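There are two complexes below, and they share subunit A, which is joined by subunit B in the first and by subunit C in the second.
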Partner chain A sequence: MRSYLLKRLATMVPTLFGITLVTFALIHLVPGDPLTATSDMAQAGQLSRESIEAFRHAMGLDQPLHLRYARWLGRVLTFDFGVSTYDHRPVADKLAEALPNTLLLSSLALFFAYLFAVPLGVFSAVKRGRLVDRLLTSGLFVLYALPSFWVAIMLVLFLGGGRYLDLFPIQGLSSPGLEGAGLLARLGDLAWHLVLPVFCLSYASLAWLSRYVRSGMLEALGQDYVRTARAKGLPERAVIARHALRNALIPLVTLLGLSVPHLIGGSVIVEQVFGVPGMGRLGFQAVLTRDYNTLMAVTTLTALLTMAGTLLSDLAYALVDPRIRCS
Partner chain B sequence: MPSRSPGAPALVLAACLGLLLGSCKRSQEAPPAPAPGRAEDRPVPDEHWLEGRLPPSVLEGTPTSGGTLIVRLHADPPHLSPHVLDPGDLTATRLTLGRIYEPLMRIDASDHPRYRLVPGAAESYEESADHLTYTFKLREGMRFHDGEPVSAHDLVATMDKLLDPSLPTASARSSFLDVQSYRAVDDLRFEVKLKRPYFLFFRQVATTLPVMPKHLLEKGDFRTNPIHRAPVGSGPWRFAGWKSLGQIVLERNDDYWGRPPHLERLVFRVVPDHTVAAQLFERGEIDLMTQIQPAQWIDMARSPRLVTDYHRVRFFPKNYEWVGWNQKRPVFADKRVRKAMALLFDHETFNRTVLHDLEKPTTCHFWHEGPDCDRLLRPLAYDPKQAERLLEEAGWTDGDGDGVREKDGAKLRFTFLVSASSVFLSKLTLFLQESYRKAGIQMDIATAEWALFSKRIHERDFDACSMLWGDTDVDSDPFQVWHSSQAKGGSNFVGFENPRADALIEQARVEFDPERRSALYRELGRILYEEQPYMFLNVRPDLDAVHRKVKGVRPSLNFYNFDAIWLDEPAPRARQE
Partner chain C sequence: MTEKANGSRGNGRPPAALAAGRFWRRPRGRAGAAIAGMLLLVALGADLLASDQPLAMRLDGELFLLPNLTRPTALLAHDNQSLGALLRPERGDWLLSPPVPFGPYQTDLSLPSLPAPPDGRHLLGSDEVGRDVLSRLIHGTRVSLTVGFASVALYVAIGLLLGALAGYYGGAADAVISRAIEVMLTFPTILLALAVVALVERPTLLLLILVLGLTRWPDVARLVRGEVVRIKALDYTQAARVLGFTDARILLRHILPNAMGPVLVAATFGVANAVLIESGLSFLGFGAPPPTASWGELLTQAHRYAVSPGAWWLALFPGTAIFLTVGAFQLAGEALREGLDPKSAGRPGNRWHGEKCCLTCKGRNG
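Up next is the complex of A and B:
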């Protein structure tokens, strides 16, 4: 187990190196640079050649690519992500601001998706082929097909006040003017603000997760050990919960590991609509403004967490399934 | 400023306004299907509301002190330094210049459309007879928001940073390229010397150079200096807080040398999504709603509350949309072809059906309400017959009957390059494509996101493109856009080269008499009209709405006159505890 862990950790180093190298090369291959991407046309037209050169020099953009990569790598090894070329803030500050918001939103979304997906999938599998299963299947399929930008806008229009129901706040994560209120009031306010964005982030994964649970359950229910359990006279409830479900959950562990990058990747659309400053917007804006330092920080962090997620789910396998050994 | 002869141009202007407003009513008064039985309850919008003009009553009454005004912003600015730090950001400038940072002279927001200057941080100035030396005399006793006194040394420090080529201040530096030297004559007098006289320099230095505090500016690394996110100036508003993607708060500076603002606090609320912003606006959470989308603007008439509680504001700032034909491409080298392109575009129908007649057609590069525009130049009328004659004259005929004209074996075909994020352009290009197809011209559409679009335009790697030129001051120099020297590297993207135009532009740069300069610019305008390097489109309005309790409010070229605004009912609102 220990040697397995060490081996896995050791392979992560070259993988991470490869990912950053390729990303670094790719984002510098994209046409445009921070200056043309951020100045408007009139300004850009007025910039003299010397000004442009000076800017490129100040940003270190006049160096050859491999030197820039080497310098970037050297800095990152000391956890220095540099300064944003867009707003001149330390990238670490920008990450520290965006990451908690995104983590909060997406971990809640993931939690609720699993919370509802497992019982729905089990129910659906047990009632396989009946009307209720078919209704549930089509309902979830429709849910899965709805694009989140549309759902988000519809929720805002119909539940966010104005001409229809005024049930939920629709902007940001806190109400203006509540800064001085008590902790409980602020937590309640936060929860209230989270309802719509968390729903938008979770409904689609709820749909496909519950499908996984359903098919896993169906497979498990057809196994010999389930027949044995039934044959020895166990109540149906115990057969499903103890014998079938535990086996059906194994694939979910993989999925959980794979959801880690989504956890910190954030969602551009949901963040944009609900005005949440998170990782999705940060990365998206960095692409548009050719903010190389921020972009590299976001991709490196995502790559790192993806690898950590896969490793964790592999380890978790060994825990939930005694047949799997890590070696 | 010159006084125009009050004859023909004024009449033409009036006629044009009448036409615009008339057609505007047509499209907007079409009442939205009312709910049965409720039609009588619906408040009827008055003339002012429909046209988006503020009624005179907004300016009446006695100002009261206090209260908070909540203004919607579309995006967080990258920083809060006016012009000083790249990227030069319009929002940052609008929020800080003249508000947190005091310029030497202020552009008088209530002086529409002339926008003359009034004293700001400088109580007076001297200009040498050769227009090479400007000396500004600062007011005595001014203090920064942190209590430190303001002196001419602060201006020198600000200038030092702007002109330092190793700093990311490129966008600001371009305004001060002609500066020979500058110094503090004494604590209150700031002197700038120029290499050569330039008519625009005075307005540039007087209105765009912010007075930034030397003692903070010179602390540490300029790029990451906290002053860019928590500005400290000497203007009528002091910075009170900025939560990323939330709000920027300014508070009244009671130590201001002049009359402090009536309002206690200005809150700029950042709401990136237009639909969500409209929703917050309908909930009553925004007092001054900005950047209303055309569809929402028209839809506002359906909401009784928006009609009774708000004024709509349709203000035409200094800008114009244009379509540029790259003259370095053989297809557009001939001015007859360029003119035909304009004649084939049914501008009026496009404005009515696609833009709901919200925009104002223009043919002028300059401030459309100023004396630099020749108002006799009307937009070219839709005339496909004449266009076809011109194309045939230029040698473009459809000999092989495939529906596309050709000349010397080459097809009349071009690609329209569009920056991907523009809704306006996606509509315009489809409209043009169809118009040109009928006349035997094949137009392809290529989209690119902004950074790539910008790169291709700068490398002149396009056939046709469309953009909007905008500016926040009435005076500007057409040199960057129209002088032949700017065809390589400058903003003369379309490669317009005309010796007479060059001469006019150069002459105007050193012409200090505004009336004579306007005459030169009007002649330049006539050349542009004749040569059609651009197809001039419209002035695009700012579509805003302001709550009826907000008084003294005026739109201007540089956002609103927040200093003069007061609230009619400063009773605190429930949500502001």
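Up next is the complex of A and C:
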């Protein structure tokens, strides 16, 4: 197990290196730099040539690409992502602000997805082939094919904003003017803000997961040990809960780790729609302003989380299912 | 040869025909194929369905046939509405307008306030500059399907090539390609696509296709690599090698044809995914360049006008279009997978990792 872990960690190094290299190359090979993106002033001639050159020099933009990459990589190894070329704040600070919001959204979305997916999937499997099962299966398929950013817009349109129903706030994670309020009031406010974005992030995973639960349950229910459990007279409830479900849940452990990148990636648009200051929005704004340092940091961090998720799910799989051996 | 040997159970019919039969027997397959086929027809016939020019007209003794396609200079300054006002039936003038008599770029200046809700004139309403939503939806189908099919074709080609090389030759080629696959799979695709499209001065539809095609090949490459490795070990490949066939012949004639099933399934799911990514990028403002009609762009407007005046028609209709397209290709993909591999029936997702997931699908099913 330990040697497997070491081997996996070792292969992550070149992968991560490759990711930074490709991102760096792509971002820098495309013509234009932060100045052409952000300053209409430069075009309008309000910035002198000298000050533009001075800025480029200060940001290291006038150096050859490979030197810039080497310097960037060297600094990243010490978790120094440099300063934002947009607002000159340290990128690490920006990440530290954005990451918790995204993690909060993602973990809540995952929690609710699993909370509903497991009972739905089990119910569907137990009622296999009946009308309920068919309706559930089709309903979940529809849910799965609904683009989340469309759902987000529809929710903003109909449940927030005031034109139709004004039930939920549609911007950010907190209401203005609550800074001095008590902890409970602020938590309630946060929860209220989280309802719509969390729903948008979780329903697709829910649909996807419950289909896994259903098929896992169907497979488990057809196994010999389930027949044995039934033959020895166990009540159906116990057969399902203790014998079938436990085995059906094994693949879900793997999916948990694999959903991590999915959720972080999916948050780009959902965060944009709901104005949540998270990683997705940070990355999007970095793109808009050609904020190289921030963009590099966001992609690297996302890739790192993705790899960690994959590794964790592989390890968890081996942990839960003794038949799987890591080698 | 091999196909016949395998197909003995199906009365000698080739497995492809058996798979097609199983595909059609499934309601899901028929529904998916029907909707996808309909969308394809809409995309191909967009100019016949919705145009600012008539299908045919006679004006002052001159007959114009399909001016909506030929765009004769005599009519260029006109649209269906202004031409209608010019008609003088007593000299034999007539006009046959398309079902939707508005072009995707045509602005209706007679509307009192914009965006305008659906009415008898604009059945699905109009957008912020007075363009007909239905017309833009119809022409947006073309954009979505073009990006969907072209980018998938591109990445399937890349994936086939790299996957076949890695799987067949192994060794150093395999090591390099597998590492590249892993790197690309870990990428936050949407950010990468955004970065490239946003950084280019004038993004085009072609650029969008290239970006999607060049970032999403690893799924197919990994799949093909696995299949090639599997098939390479089979007896008939060994036999082909003993017969002294060249590598190219073995790969192209014996291995790849038998690896195409899963690739086809992945490609079908891939179209759904590409349509989703295209509309997502367009929604963020980095899809097809304006004023191109695209579903995602209508959703951007829907978001802008969500609070006031609550322009539900800008959200409901394009969203339904995206949902139908994505859903149709997913249905078809599932039925295709079950048709090719009956044992997979009822299993979720795609055994071959081609599944739609989110805008940032990074392989696995994740």
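Throughout what follows, the second predicted complex is superposed on the first by the 305 of 327 C-alpha atoms of A that agree within 3 Å, B and C clash if a C-alpha of one lies under 4 Å from a C-alpha of the other, contacts with A are read in each partner's own complex, and residues count from 1 in each chain.
Operating definition for what follows: a contact is a pair of C-beta atoms (placed from the backbone, for glycine too) under 8 Å apart; a residue touches a chain by one contact, two chains touch by 3 or more.
Source: prediction; values computed, not measured.
J.: When the two structures are overlaid on chain A, which partner does A:89 contact: first (subunit B), second (subunit C), both, or neither?
T.: In the superposition, A:89 touches subunit B alone.
J.: Tell me the contact category for A:157 with respect to subunit B and subunit C: first, second, both or neither.
T.: Once the two structures are laid over each other on A, A:157 reaches both partners.
J.: Touch test for A:97: subunit B only (first), subunit C only (second), both, or neither?
T.: After superposing on A, A:97 lies in contact with subunit B but is clear of subunit C.
J.: With the two structures laid over each other on chain A, which partner does A:22 touch: subunit B (first), subunit C (second), both, or neither?
T.: second
J.: Considering only the touch criterion stated at the top, classify A:264 as touching first (subunit B), second (subunit C), both, or neither.
T.: Second partner only, subunit C.
J.: Who does A:172 touch here: subunit B (first), subunit C (second), both, or neither?
T.: first
J.: Which holds for A:139: it touches subunit B only (first), subunit C only (second), both, or neither?
T.: In the superposition, A:139 contacts neither subunit B nor subunit C.
J.: In the superposed arrangement, does A:288 touch subunit B (first), subunit C (second), both or neither?
T.: Touch status of A:288: both partners.
J.: Touching A:272, do we find subunit B (first), subunit C (second), both, or neither?
T.: both
J.: In the superposed view, which residues of subunit A touch subunit B and also subunit C?
T.: 30-32, 37, 153, 156-157, 161-163, 170, 272-273, 288, 290
J.: Contact residues on subunit A for subunit B in the complex?
T.: It comes out as residues 30-33, 35-52, 54-55, 57-59, 83, 86-90, 97, 153, 156-157, 160-163, 166, 170-172, 175-178, 180-181, 272-277, 281, 288-290.
J.: Can you list the residues on subunit A that touch subunit C in the complex?
T.: It is residues 11, 14-15, 18-19, 22-23, 26-27, 30-32, 37, 141-142, 144-150, 153-154, 156-158, 161-164, 170, 204, 208, 211-212, 214-215, 218, 255, 258-262, 264-266, 268-269, 272-273, 283-284, 287-288, 290, 295, 298-299, 302-303, 306-307, 309-310 of subunit A that touch subunit C.
J.: Spell out the part of subunit C that touches subunit A in their complex, as residue ranges.
T.: It is residues 179-180, 182-184, 186-192, 194-196, 198-201, 272, 276, 279-280, 283-284, 299, 302-303, 306-312, 315-316, 318-319, 322-323, 326-327, 330-331, 346-349, 356-362, 364-366 of subunit C that touch subunit A.
J.: Across the complex, what residues on subunit B touch subunit A?
T.: Spelled out, the residues of subunit B in touch with subunit A are 78-79, 85-88, 90, 165-168, 170-171, 173-174, 177, 223-224, 228-229, 244-247, 267, 269-273, 275-276, 278-280, 282-283, 303, 449-452, 454-455, 457-458, 467, 469-471, 480-481, 486, 489-493, 575-577.
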